[in-house]
Structure formats: structure tokens, C-alpha cells
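Take a look at the following structure, please.
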Amino acid sequence: MKIDLDQSSRTGEIVSARPVDGSIRQAPRHLTSREYRPAGTVVNIDGVKVGLTELVVMAGPCSVESAEQMLRIAHEVKAAGATVLRGGAFKPRTSPYDFQGLGKAGLEHLRAASRETGLKVVTEVMDPREVELVAGYADCLQIGSRNMQNYPLLNEVGMSSKPALLKRGLAASYKEFLLAAEYIMAQGNEQVILCERGIRGLSNELRFTLDLNAVPYLKERTHLPVIVDPSHGTGSAHLVPAMSLAAIACGADGIIVEAHYSPADSISDAAQTISTADFADLMKDIAAVAEAVGRKVHLPMVR
Amino acid sequence: MKIDLDQSSRTGEIVSARPVDGSIRQAPRHLTSREYRPAGTVVNIDGVKVGLTELVVMAGPCSVESAEQMLRIAHEVKAAGATVLRGGAFKPRTSPYDFQGLGKAGLEHLRAASRETGLKVVTEVMDPREVELVAGYADCLQIGSRNMQNYPLLNEVGMSSKPALLKRGLAASYKEFLLAAEYIMAQGNEQVILCERGIRGLSNELRFTLDLNAVPYLKERTHLPVIVDPSHGTGSAHLVPAMSLAAIACGADGIIVEAHYSPADSISDAAQTISTADFADLMKDIAAVAEAVGRKVHLPMVR
Amino acid sequence: MKIDLDQSSRTGEIVSARPVDGSIRQAPRHLTSREYRPAGTVVNIDGVKVGLTELVVMAGPCSVESAEQMLRIAHEVKAAGATVLRGGAFKPRTSPYDFQGLGKAGLEHLRAASRETGLKVVTEVMDPREVELVAGYADCLQIGSRNMQNYPLLNEVGMSSKPALLKRGLAASYKEFLLAAEYIMAQGNEQVILCERGIRGLSNELRFTLDLNAVPYLKERTHLPVIVDPSHGTGSAHLVPAMSLAAIACGADGIIVEAHYSPADSISDAAQTISTADFADLMKDIAAVAEAVGRKVHLPMVR
Amino acid sequence: MKIDLDQSSRTGEIVSARPVDGSIRQAPRHLTSREYRPAGTVVNIDGVKVGLTELVVMAGPCSVESAEQMLRIAHEVKAAGATVLRGGAFKPRTSPYDFQGLGKAGLEHLRAASRETGLKVVTEVMDPREVELVAGYADCLQIGSRNMQNYPLLNEVGMSSKPALLKRGLAASYKEFLLAAEYIMAQGNEQVILCERGIRGLSNELRFTLDLNAVPYLKERTHLPVIVDPSHGTGSAHLVPAMSLAAIACGADGIIVEAHYSPADSISDAAQTISTADFADLMKDIAAVAEAVGRKVHLPMVR
């Protein structure tokens, strides 16, 4: 982060975000703006493309719990049509006494499930010192809501060669969200996916308020793909299918869903995790809505 | 509202909300709860049914501006597939110096356009003293967001024979929203449509945050139909199509949209009003998404 | 409200807010703006002045429960230094099945307590049809948060000769709050007190978020007095003293507090009602803070 | 952070927040709870005590701009009564193209100003890799709002021997705020000051909504000192004095204020920075309000 990369060779005009002398440097225009790449960016997660007609569906448990759990879930969500596997190895938890994730062992379970199934892996990185470690196992680096404005982390991910999945902060404006992505791009990593995952709302009746206005609003302003997390965005498994369809209908480039073969046994986020069986049903509905709006999803031949 | 109606003949068990002696009376259960009518309520707007497989599409200008304007818009939205005409004759405006609506003349223009086209009329009533007047012209009485907890108005509409369209308050919880509908039902009027229209959000980048979580959440808890207003819910005409589709995808029973043949000339809400031409295009997209989720819309034979 | 009052004799330039022909009329400037009356407005509640160096303290129960209750509380809050008695006779309640107030009988109890103690009466009016009735008993007409944008009510209070206490809506911006007061002033009633009473916050840990920024912000922009309601603003009796002091420290012209000799027995708002004994203690602390900021409160000679 | 410290020697019962095996461990009670230390914690910033009758006043510029700037401001705020000097060397900025701070040079300027004036230094640390560096210059480590849930940073500060100043996140509930402090304490650092600095509100009329309810609410629930930042909490220099007084009146243990001899020339946060001259005036008003609520401030002999 303290390295003063000369990125002019890549962008033709942008210099590093944190110059050594602390001076202010103006970007001639924002790298995240639609004008920068009018046709839209396609993010490539080791072969899975995000931002094309085909939607991306990422699914998996909240937390990596064991090698067996990951492998079973990976097989089940793959059979339903997912192409990217999610699962947390480093877990940001509100309380220091809650399960903090399996750490490196979790990364290994994710990688093993990926090798077995061909699914790509997206998993969260919380610590700038762990970006290299996580990038050694993941195909896409997730930055969580709590860290949307963790600039050392954004900068470090910006220097990684792996694509980034940036989640919106709980109270972040659209502008702040885009400027967080700008941090990553300013360091040279232009493979950024934005994820709307719900904002803090006006009551506690639901965990969050999924702000789908963000999808068409952001798609107008940025060339980056935008996906939606209906699991955190509702906090309620029974609302996940409806809001997944809504996300696709308003133009999202995909969704990221928490799914587990036995949601009630999830070590975290049980209330918002759908069963892999329900996920398979949801995929069929998603396919129908996707077609209605000119998109499509990957559906395996044999169901 | 001060009349102590014995409503037991209608509901079998509910007594008036404001007893003469001010004592507390317990409702044995909430009239708005799903348990009260598990199969769901179908609201009948003079023949247009809301709450069935066929979606309701209400469209029209923010304000009634003239007889000619209403008639032209009525023809255009009818041709595109709308079955209910919207338009404000009594306008709640943030500033007392803004256009306050044509009042009774506006009601007459709405009625005239209805006679000509067969569209049903929904229009706002703001004053309990005007409920009878507005009910003389309208097929459905709209209660606006600012008045969601205007209890004298709710009670008066509760004693009307016309269906009610109740919009969610800007900061209302789901529970408060349902209890506002409960006021109407407690007075004997069980023909209530709920309308999600956006809540106050965390920045001013958009006028409001459309809370589509409300749709599946409310549909679980109440038997009343739920529709969505993507015009107020976004405040931006260019976001209206995407959010209309999202509303349908997540289970709304219809939408209410601001449309005008010349949005820029609208006397109010110009920024969020779509053209009747765009509305016609939108109807086709709505039809596709509706079909994808097992619903349908009324589409005229000849386009 | 439908009367087209020519108010030019009073303001020299303002005409009615709802002209008969619905046309738009521009106010040459806002009546609520500080520029309109740079020296500040002093509202006169039948002899109790609001907006001078001496702070106003309004106290009393949430609801009028009986003649005896009102009389006892009136004596106790008067002894502690209050000069205005509060109490709800017409209660806006979220549920239609909650106690809706004693209505006219409640007004009579308030008046009787006033006659006995000399305290002035502030009480809420919810219905434009009841403004005249309530004005017959009250010295100041309260418009509650739910009705901040109930324009027929604002207009009717604007035509009353009694001062108005306007509470901020739960999600109202400062501008919307001032424009609501503008409705009242535009009808000719320039005796308006603004009341910050808490806005909807980001969690349910407290009932509301008391927004004291509103006090200095509004005092800059308007000549109208600004008071604070720490009872609704916190929803918690144990936070009321601290927030009362904060309100005075940041420049409020007074407070309105829910107090009852036996808070736990209050028919409504028990959790946020302080005891009259605690109120007496609070008054001494208020006196000290008031002095520190160049204000004072009325403290009876004999305690 | 990956070290499994056995902290039982310090707390008698708490173990590390991130055990090596990722298992869940229950804290027997929260270290931040009032019950843990009923008498209240006094945080010692190299001799300046926070949490006693005497209030702490921290003042200084938003950003460290130069050695001269820091020295001049340090002298001026010290003369007015401040005992802790604030100033950002590592600046979290919404845009990567804004001034990011002088970094290590800024820390040196802070230290130099401290040596000259005797003021203690509080400055922000954003990166877990820089905690040791910043702790080498600062007397108190500030964790900013954006990083309230940056757990690697919290853990690292929790292992430092320097006191921490933890700012509330923009949308953090009180519980989340306390649990963030719990992370620091769980690592063994019990010297934590909480800082209310405004939450995201419902309009953009002010930058933030200062939530002073937080002060008495938190003081009830935790033994940790609570201070207030009226500069960020209002975003407007002209509101800072009023809200500083309100903070003291409702029980804050101190304030942290942005002050500059020439606010308009501040490289950041100019709109919310007060002049050192106004700061000196404010200190006198604070002294008066402090006395009214049984507190006091340090006021230098000669003014």
C-alpha cells in the first residue's frame, strides 16, 4: 500500500492512491465510472465470466465448517446450477466470542471442494496481511460490508491478481460504494464485482433492507458488474427466493446465496440460509425470470 | 368517527376502534392478519380485481391538470394495458406554495376520463371531511404516505363503501403499516390494498429507498393485496421500468405508475414520471416477467 | 381550509395556501425563515411566553386518565416549576385497539386542572373537525408527529387563534418540518412552536433517536421557538433527565416532559414517563444548566 | 491476532477471541459491561485521566499539515484548556484521490508539538500493520468510524499498551459498538474510550446526526468513558459549540473537537472545523455547563 506504483502503463493516466509524499493527486476521471468503459466490464473468475448475458450464481454456506460439509454442499449447489462456491473461512463476527472461522483450514476445504467439483471459490479476506494467503486458495476475494472502507485492505486487494467481490457497507451511499471500488481499481485491479447486500433500515423486523434501487442506479453509473446477496439482504430464508427473482428482474448480473443441506445446523446465519433443495427449486425460477429479461443461467443438463 | 358503530354484524367479533367511553377493547385477533382470511382477500375496484393471478396496473399522471390531459393519458395507458387510472385532484404538497391540485374539478376530469375509457379511478383523499366527496367520483380511495397514521381519515375511509389503497408511511415499520390498515378494517371496510412506495433512506442520491422486502414479508403476514409504486419508490423515471419488473418478480399484486404523454411538462413529479410510450414498452416486459412467476397482466388485443 | 382568506392585511404579501382555482402562487419569502422576523418570535400561551430568556417547561401525563389524576399531577408539576400542563385527550395510537383517549371529557379535566392551578393547557388535536372543540379548552394546540404533514389539520390550526405546538415527523427533514410550520403561518397563525421529539433511528434499542442537532440548526433558520420532548425522544424514563439538560444546553427554548405521580400506572407511555418527584429534581438541574447558558426557568419560591 | 494469548492472568477468566482451532468460546460475561467494573474505568492517557470528574478536551486539526501548523495549533488549544492534541497522520478518505495524510512525518510533527507543549497525542491508526508504528508516537490510538468493525485492527490495538479511542460506526447499534470495544478488551487492553460521533441520518441537510442519547445509554451499560465528537457529529462549525455543551450536559466525559487557527485553510474537514479563537470561547462555556452538572474542565491560569 505504501508502494508508489506507476500505473500509467495500464490506465494511461492514473497514479497511485497513496503517494509517498502524501500529496493530493487528481484522477482525471473515475475508473469506476461508466464512461471509463462504456461497454461494461466482464470479470473473469478463473473462467466464470460475470457481466455477460449469462448470470452468475454463487452459493454455499455462511461458514466453512468441515471438509465434508463443503464437499457435500459444493456437489449439491453445482447440480442445481451454481458456478461459484461461497463459504467463510475468516469470519467477521460482531462478538469476539462468536465462531471466528476455521481460518487456513477452511481455505483448504474450499479448495478441495473446488478441485472436486470445478466450482470456483469466493471467500472473504478481512486482514491486509492475509490477502496473499487467501489469494492462494480463492478465485475471487470477497471484501465484506464492515470492511467496505477499510482502505489498507482495499489497497492490498487492489494489488492482487485475483478478482474482488466488494460488498456495500451497511450505511454506504452509492457514491461511497463506488469510491471504495475506486480504491481497488486505483491500485491496478480492475476486476471488481459490486454486491448490494442490504442496508440498515428503520426497524428490526428484518435484519436489513435490501436496496434493489442500487442495481439499476449503479449499472447506469459504472461499468462494473453488480450482483445481489438476498440472504443478508433479508436475513430471512423464506424471503430469499422472492428477492432473488427481484434482483434478476431489475438487472443484477447474478446473486450470491447462502445455502446448506441442513440450514438449521449451520454454525452461523442459520435464519437466512436456504436448503440446497430449495436452492435447486429457486434456480428453475431464476431461469424463467432471467429469460423474461433477456438473461440466462447455467443449468446443468441432468437434474 | 365519533359514531360508535356496532360492527359485530359484519365481522362477528370486532367492536369500534374509538368507543365513546375511551376504554380499551381488545381485538380477538387482527383483521389484517393472514390467519383472518388465509386464502387472501380480493379487492374489487368496480370490477377490476386485485389479488388474483392477473396483476393490476394503475397508471396516470401525478396531478390532474385538465380534462384534456386526463383523457389523453387515460386513452394511452388503457391502450398499453392499464385498467385503473391514477391522478391527484387533492395534492399533499410539502410546501403550501406548491400546486395543491384542482380539487373537485380534478375529480370531475377523472370521472369523465373513466366514463370515456372504462378505466377505474383511484385518487387521493387527504381530509376526513372530503371522503364522501371523493368517494362520489373515485372507485378506490388512496390514502397517501403522509396520512398513513391520520386516524380520523383512516376511520372515515373505513366507513366508506369504496375500496382503499393505503400507502406506507416514509418511516413506517411493517407492523405500523398493518395496524394502519387495521384501523380501516376495524371500521368495517375490508377492501384494503397495501402499497409499498419507498422509505426514507440513508442518502439523498435517490428520493426514496424502495423496500421490496416488504412485498414477500407482508404477503406472508396479511391476506390483503400488496402493490408497489416504483415512481415514488425511486424518484427517477429511468429506474421505474427495472423496479416495476422487480416488484412483479417478488410477488406484488400489481403496480401504480406515474405516466404522462409529456413527462417534462408534468405540473408535479416530472422527474419520476415515465412517458406513456415508455409505459407501453414496460407493459410488454411486465407481461414477460409476470408469466415467468405464474402471473399475468391484461394486454389489449390490438397494440 | 377551502376559504380563500386574503391575508395581505396581516403579512403584507402572503395569500392563502389553497386558492380556489388550484393555481400556483409563489410566496415572496418563507414566513418561517429567520429573515422574516430576525429578532425571533415570542409565542404567548395565555401569558406564558415562549422564546424569551426564561425557558418554558411543559409537563404532565401522556394521557388524561381522570379528573383526579390531572389535578394531582397539575399541582405536583406546578410546585416543581412547570407553567404549562400537558395531557392527551385525543390520542393517536398505532393500534385501533389501544386506548384512544377520553376525548371531550379529557379536555374538561385538563381545563379544570388549569382553573385550579393556573397552569396553561397544551393538548393534541388530530382531526380538523375537532380544532374548534379542542381550542375551546386548550391554550395551545399540539399537532403530533404523525400529523406533521396532515395539511387539512395544519390549515385548520392555521386559522385558529390559539398558538400551535408542532412536533417533528419521525422521518421529516428540517426543511419539511419548517414547511409544515409554513402551512400554519400561511393561514395567518404566526404563533407556532417547533418541537424536536426524536426521529426514527437505526435500531430498536431506543424508541427514537433524539436529534438535538435540530435545535441549533433550526434556531439559525427560523424565528420560531424550538422546544424538545425528551420523553418521546428517548422512550426511556431514565434517559429523560440527561437529555433534558442537553436540550437546554444546546439552546432549546424549553422542554415538554411526560410526568406522572406513578409512572408505572400510566395508561400509556409508562416506560418513558418520569415520576413527578424526579421531575422536581430535574427542575433544579435544569435551573443550573439554564443559568450556565444564560437562560433561566421559573422556580416557585417555596419548594 | 493469530496468537492464542492466554489472558487469564489479566482478567481471570477471558480467553482469546480467535482461538487457533476456530472453536466457539463463551465469555462468562462481557468485559465492557458496567457489571464488570461498577465504579467505572479511568483511562490514563500518559497522565491525562479520562472518566473522572474533570472532563477531557481533545482538540486539533483534522489533518496534520506541517510541523508549524501542529505546533501553532497545539499552543493555541493548550492555552484555551485542551489537554490532548488531535490530528490525523493516516487519513481514511472516501476517495483515493483525496489527501491521505502525511503518514510517518505527520506522526513526527504530532510528537514534536507534544514535546513542546506537554499535550498528549491522539491520532488514528487504520492498518493493523501500523499499530506498532503509530503507538511509537501516539499516547492514544484512535480507531475511526469506518474501522469500528475492522477486527484485525481491533485485535491489534487490543494487544497494544496504549489506550484506545474507539469511534462509533456510522450505522452501528449500541450493542455493536460495545462489542467492538469488547474485541479490544478481550485482547487484554482495558483502556478504551468510546466516542459518539454522529450516525447516518435521514437527510443530507447535515453531514451526520449526533446521537446524544448514546451518552447516558452507554454510561448505564458500560464502565468505559464516553466522549463526543461534535465536529463530525454535526459537520458544521457553527453547530459545534451548542452541541459541545449538550454533550457535557448529558454526561459525556469529554469532547474531541476539530480546531484550526484558520479553518478555511484546513486541508480537510474545513466546514466543520472551528477556529482556535472560537475554541477558546467555547472552553469558557463548557466550564460553566460542566460546573452546572458537577463536572469541571482544566482551565489554564492565565488566559
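Lettered A, B, C and D in written order, each chain numbered from 1.
Simple rule for what comes next: contacts are C-beta pairs under 8 Å (C-beta built on N, C-alpha and C of every residue); 3 or more make two chains touch, one makes a residue touch a chain.
Computed from a prediction, not measured in an experiment: that's the story for all the values here.
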Inset, instruction - Could you tell me which chains make contact with subunit C and subunit D both? - result: A, B
Inset, instruction - Go through A-D and A-C and name the pair with more C-beta contacts between its chains. - result: A-D
Inset, instruction - Just grab the chain with the largest centre-to-centre distance to subunit C, centres being mean Cα coordinates. - result: A
Legend entry - subunit A and subunit D: spacing of chain centres that average the CA atoms, whole Å: 33
Inset, instruction - Just give me the whole-number Å value for how far the CA centre of subunit A lies from that of subunit C. - result: 49
Inset, instruction - Any chance you could list the residues of subunit A touching two or more other chains? - result: 171, 175, 199-200, 202-203
Legend entry - Of subunit A, residues touching subunit C in the complex: 171, 200, 202-204
Inset, instruction - Spell out the part of subunit B that touches subunit C in their complex, as residue ranges. - result: 1-2, 17-20, 22-27, 92-103, 105-106, 126-130, 146-147, 149-153, 169-171, 175-176, 179, 182-183, 186, 199-200
Inset, instruction - Report the residues of subunit A in contact with subunit B in the complex, numbered from low to high. - result: 171, 173-175, 199-203, 205-206, 209-213, 215-217, 220, 233-234, 236, 238-239, 242-243, 245-251, 285, 288-289, 291-293
